[in-house]
Every structure is written in structure tokens, then in C-alpha cells.
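Each in C-alpha cells, the structures are laid out below.
Each of the next two complexes has subunit A plus one other chain: subunit B in the first, subunit C in the second.
Our next item is the complex of A and B:
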């Protein structure tokens, strides 16, 4: 009862979640009106990839960092709630990584591989250093969920997975930024688009950051829902287990009292 | 009865763990046997790719007549249609070498921790030695194991696959650095696999993404060294390995200790 009165937004949706609607709506409209097609692209319409692909990649890294943070906190204080938080953050990060890979693959076909003139199965994968890197990141977090599903004891699973998530979170920036930019590899990805003033026109820059903010909101929202759902599920399971234990105790007791 | 550490100082403890593993390996050579057999089997399997006298390949039209080709040019040992000394052959053979080493490492490296759990000696080791000393000792043992395996597999590789190596010192440098890197960055994964209830099938998915950068550097580096062209892969390889070993050393306690 107390928990219901404590929640300020019980029954409603927080204001920032409503604001996502006009924000992403205007991103969709502005990306087709204000931020126009760029003629220097192979197919000029595909220049808008930057409003989708790049925020996904950046945010996936932020969510993997979050997973690493909660994992470190779990290793410090052993609170299993942090294990759930880390798991859900890694889940959101993995979804964003897969989205970034898919959008990138489509763009790769259009920009670097002859577009629709090439055979339908060709051009999606170039083994660009950044594609290799994102593939490794996906494999790391697939392995993380594989590890989660194969250890039964909750505390040990939490600790092992936390160690692996920390390793993953440290590797993600190395893979995304350091390795593809080594002089020994040549990448077709452009560099310094975001970090320099000349990288994007003001229209593109504005819509890009609006989109990043919007996707940050969406991923935060889904993360919150996942975590809340997991906590509720855990509470129900715990209650059911307790109830089961009481029933079993009754079953043992009854014949004794009857006789 | 009081349980005291075997030696008082850290180096002594590390050395004691290492010596214990070496002695136990001498009595029942499980890790060395596993890893060498795996390496040999992979090497022989891979060798069939290089020998092309089979009916199937000649009928495919890859080579019109192998005997005639050999009579016309006695030096023409042929890899598919790729003659010796070409960049493609160097690249393929470098890739094959690291595939052999990678799979044998995956089979053998988790043995050192699995053995402790199987023989139920892990609790005793946990009581008697510092976690960091256990990590360092096991790391030394794994490094020794990999170097032993390389010293057996590499001559056989030379005899069976006939790579043309132009820059010997650099080639050997990559070989040593790469196998040190494999041992160094998968030691903690071996401990995780052992702690996850000895599920050996977890080794490959957990270790592969961590090892992939090492494989990329090592394959590119050995190919460059055998062609005799410059290409600096050794520094990124070594720095990646140093970073991974440091990270593993920091996190090892959480995997190893019961709390």
C-alpha cells in the first residue's frame, strides 16, 4: 500500500515521455524538409543515415557503459538488483547495436557497393574495420547472455556475468574508436563528422542531436520498463516460492496432526 | 592445524602455483595432450586444402593437369590455383596457422582451472594462495603451455604447408606475441568457465570476441612478415594484450573467490 502512494507518476506517463512524440515527429519531418538530400552522396537521399545509424551506435556504447557501471557496483556490494539493471542495460545496448549494424549495412549497399544495381545479396557487408568492430561487440554481448543462461546459482551468475560485462564495456570504446582508426587499417567510414564544425551543416547538426536525444529518451524508457518488469517478476516468483514452501510444510504436518 | 601460505612473498607464491601445475601436468598430461592433439588434427585437416592432387579438385577445373603443371615448373606447388610466393598464398597460410593455434588454445587453456574444480583442489588453493598469485601462476602456466604447443605445431606447419617466409625474426615475433596474447587474455575466461560449473562449451563464445583483435593483428602481421613487407601490427597487438592482462588481473579476484 505504501509503495503505491510513494510513486509520483502512478497511472500516468512522465512529461518527458510525452515530449518524445513531438521531438521524434519533428526529426522525421525536418530530416525530409530542412536537412535536404546531399548531392555528394552516391544516392543523395541516403545522407539522412546519420540521423539513425550514428545515434544508435553512440547510444549503444552509452548503454554498455551503463551495464559496466552496474556490474562494477554489483561486484562492490553484491546487490542482485544491480545484476538485473546491468542485464537490462546490456539488452538495450545490444538492440541498439543490432539496429546500428542493420542501418549501416543498408547504407553500405547504397553508398559503397553500387546501390540497387548490384545483385540483391551483395554489398551489405564490406569487412570495414568499423563493421568488424561492431560484429565483435555483438558477439561479446551474445556471449554475455549465453553465460547468463548457463549458470544456475544467482549470486555466482551475477558475479561471473558482471566480470564479463566489465571486460565488454572496456573493450567497446577500444573497438569502436581506437582499432578502426589505427593507421594500419583503412576504413570507408568518414571521420571527424561529429567532432569538428566542418563535419556537418548546421541543419544536419541540429537534427542529428535532436535525433540522438530522442533515441536516448526511447532507450531510457524501454530500459526503465524492462527493469521494473523484471523487479515485479522477481517479487512474484519469490512470493510464489514462499507460498510453495508453506504448502509443502502443511503437507508434511497434516498426517502428523491427524493421527 | 594451521593453514599457512606455502611462501610468504608474492613471487614465491606465484612460482609455487606455477610449479604445482607443471608437476601435476607431468604426472597426467591432460592439458598438453588435449591441446597438441587438437592442434595436430586441425593442422592435418587444413593441409588437405593445400594439397590439390585429389580428383575432385582437378575435375573442378581448378587445375587442368597437376602432373603436367609440375613437369613444366617443378617449383609450382599449388594452393588451389594460387602459386607460391603470391600475396594470396601468404594471407591464406597466415590465416590457417592462426586457426590451428586458436582452436588448440580453446581446447587446452581452460584445462588448468577445470582441473582444479574436477579434482576438488580449488578450495585448498583458495585457502593457501593469494588470488593474484593464483592468477599469475596460472597465467605463467598457460603461457608455457602455448609456447610448448607452438614449438611443436610450428615446425610441422613448416613441413606440411610450405609457407615462404621472408622476414623470419618478425614472423617469430608475431608467433610468440600472438600466443602470449592468447594465453594472457583467455586465462580469466578459463577461470570463468570452470566457475560456471565446468561448462566447456562456453569457452569458445566467451573467448572468441576477446581474442578476435589479437587474431586480426596476428594474421595480418604474419602475412606481412612472410611477404617481407612492412606493417606495424606488433605494437597494437602487444598493447592490447597488456591491457587485457591488466584488466583480467584486476577482475580475477571476483571470479576466483567465494563471497
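Our next item is the complex of A and C:
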């Protein structure tokens, strides 16, 4: 876009972004005050990690689906902007997956390994099917970024990575939900905590969905910032390349015009 | 309520506030860059 005709973006921060502060502030306070301990857990007080761990896992899957969606769109229309959108969605998904793994490791120690009664270095990793599955998802999407950095030509990179991201997005729900529930694997992960009415008290359920909504907002905000920054950077680079090309053309023309 | 839980709630509140103001700063920087372009 022509910089002379472009209007400066003087608008304030959108209302939904401001609402994230009271929403997540409420989650931080209510999760320790209003939502009590869950007696059916081995360590009832630390069951509150659910408010941080489960939303990260759910949202990571949503962001990988988003990456898959933009990748499919790229394969259809060839627009490189969709490649950038898919890349940034995968980045947000990967960060959330790593956070879900870290919070899950703490949860594992507190619930399945005796908590603080066990040595400080023990109990974080149980090779539970879901833990193993999330590790595979992390490796799949690390490899996605490896693939991105290994191909130089933009259109070829975009198409290759789009195919990979679509396969990755299809694999994520299989790894998260289908494989760990197969009878050949015995998972110690609690099931039906989120999906059934009996799994959580009404207070827990309210704080849980507030937290999920809040983290969705933060991840959307982060995604939006990354995409906007990437588009600005692309425009600046394209302008510089154009300016460089003009200087080179001028340097070739000059001897001709001078003679 | 257990006083330790208030401490954890306070730390969570600070973390959430920190994340929010960091995002706000990032938004400002991206907007500056878009306007300067």
C-alpha cells in the first residue's frame, strides 16, 4: 500500500483485550479462593493446576487446527500470506503445548508421585500415554519449523510446509485422544473430568471455562501481534528489495545514457 | 483459607498482570512500526 495514502493506525486497544485483565485476574484469585480442593484427587489442593494445564492442551489443539486450516487455504489459492498465518498459528500452538507439558509434569509429580513427600527431582515424567503423546506432538511441530528453515524458495517452502501442517493437524487429536484411550495403553490420566457434569463442581467448571476463555484471548492476541509484525516486516523487506533493484538498474543504465 | 494459597493467588495475579502489560507494550510497538512504515 502507498505510504502516502495509508492512514495511521491511531485506534486504541480493542475492548476484548482490556477485558482479559479482569477475566484472568478473577481466574487467578477465584481458583485459590472460590474453587475449593477436589477430594477425589490424590492431592486435592493441587488439583487447581487443571485451570492452567487443561486449557493449554485444549487451545494448543485449536491452534494446530488453525495452522492446518490456513495451510489448506494456501494449497488452494497459493497466497503466501496464508503461509505466514499458518506458521504463526503453529508457533502459538507449540508454545501452548510446551506449557501444557510443563504444567502437566508438575501435576504428575503432585498427583501420581507423592507430591512434595517425594524427592524434588522425582515424579515429573511417568511415560503416561498422554505424556508420551504430547511429547510426539512437540517433536512433530519442532520438525515443522525445521522443515521451514531448510527450504529457501518461498513458494516451495509454503507448499511443502502446508502439506506437513495438515498432516500434523490431523494427527494431533489422534495422539491426544484416540491413542491414549486404546485398551492396550493404561493411562493414569483422569478421564471425564471435563466432559461430564460429575467431573467438576460448578465452581470448578466456571473457573475452568473462564480460564480457557482468558487463555484463548491471550493466545489470539499473541497470534494477531505476530501476524501483524510479520506482514509489516515482509512489506519493509519487499520495499528494500525493490529499492535495491532500482539502484542496480540505474547503475547499468548510467554508462549508456552518459555515452 | 490457607495463607499459602493467598500467596500463590497473589503470584498468579502478578503473572497475569505482567503478561497483560507485556502484550499491551507489544501492541504499541507493532502499531508504531505500522504507522512508521
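The rule is short, and it goes like this: the second predicted complex is superposed on the first by the 238 of 259 C-alpha atoms of A that agree within 3 Å, B and C clash if a C-alpha of one lies under 4 Å from a C-alpha of the other, contacts with A are read in each partner's own complex, and residues count from 1 in each chain.
Please note the rule applied: contacts are C-beta pairs under 8 Å (C-beta built on N, C-alpha and C of every residue); 3 or more make two chains touch, one makes a residue touch a chain.
Since the model is a prediction, treat every value here as computed from it, not as a measurement.
S.K.: If you stack the two complexes on chain A, which partner ends up touching A:236: first (subunit B), second (subunit C), both, or neither?
M.R.: The second partner, subunit C, only.
S.K.: Figure out whether A:21 sits in contact with subunit B (first) or subunit C (second), or with both, or with neither.
M.R.: second
S.K.: With both complexes overlaid on chain A, does A:177 touch subunit B (first), subunit C (second), both or neither?
M.R.: Once the two structures are laid over each other on A, A:177 reaches no partner at all.
S.K.: Under the stated touch criterion, which partner chain does A:150 make contact with: subunit B (first), subunit C (second), both, or neither?
M.R.: It touches subunit B, and subunit C stays clear.
S.K.: When the two structures are overlaid on chain A, which partner does A:159 contact: first (subunit B), second (subunit C), both, or neither?
M.R.: In the superposition, A:159 contacts subunit B only.
S.K.: Check whether A:225 is in contact with subunit B, with subunit C, with both or with neither, and answer first, second, both or neither.
M.R.: Touch status of A:225: second partner only.
S.K.: Is there a shared patch on subunit A that both subunit B and subunit C touch, and which residues make it up?
M.R.: none
S.K.: Which of the residues in subunit B come into contact with subunit A in the complex?
M.R.: 188, 192, 195-197, 199, 202, 205-206, 208-210, 212-213, 216, 220, 231-233, 236, 240, 243-244, 247-248, 251, 254-255, 259
S.K.: So in the complex, the part of subunit A that touches subunit B is made up of which residues?
M.R.: Per the stated touch rule, the residues are 75, 78, 132, 136-137, 139-140, 142-143, 146-147, 150-152, 156, 159-160, 162-164, 166-167, 170-171, 174-175, 179, 182-184.
S.K.: What part of subunit C is in contact with subunit A in the complex they form?
M.R.: Interface residues on subunit C, with respect to subunit A: 1-2, 5-6, 8-9, 12-13, 15-17, 19-20, 23-24, 26-27, 30-31, 33-35, 37.
S.K.: Per the contact definition, I'd like the list of subunit A residues that touch subunit C in the complex.
M.R.: Touch list, subunit A to subunit C: 3, 6, 8-10, 13, 17, 20-21, 24-25, 27-29, 31-33, 45, 218, 221-222, 225, 228-229, 232, 235-236.
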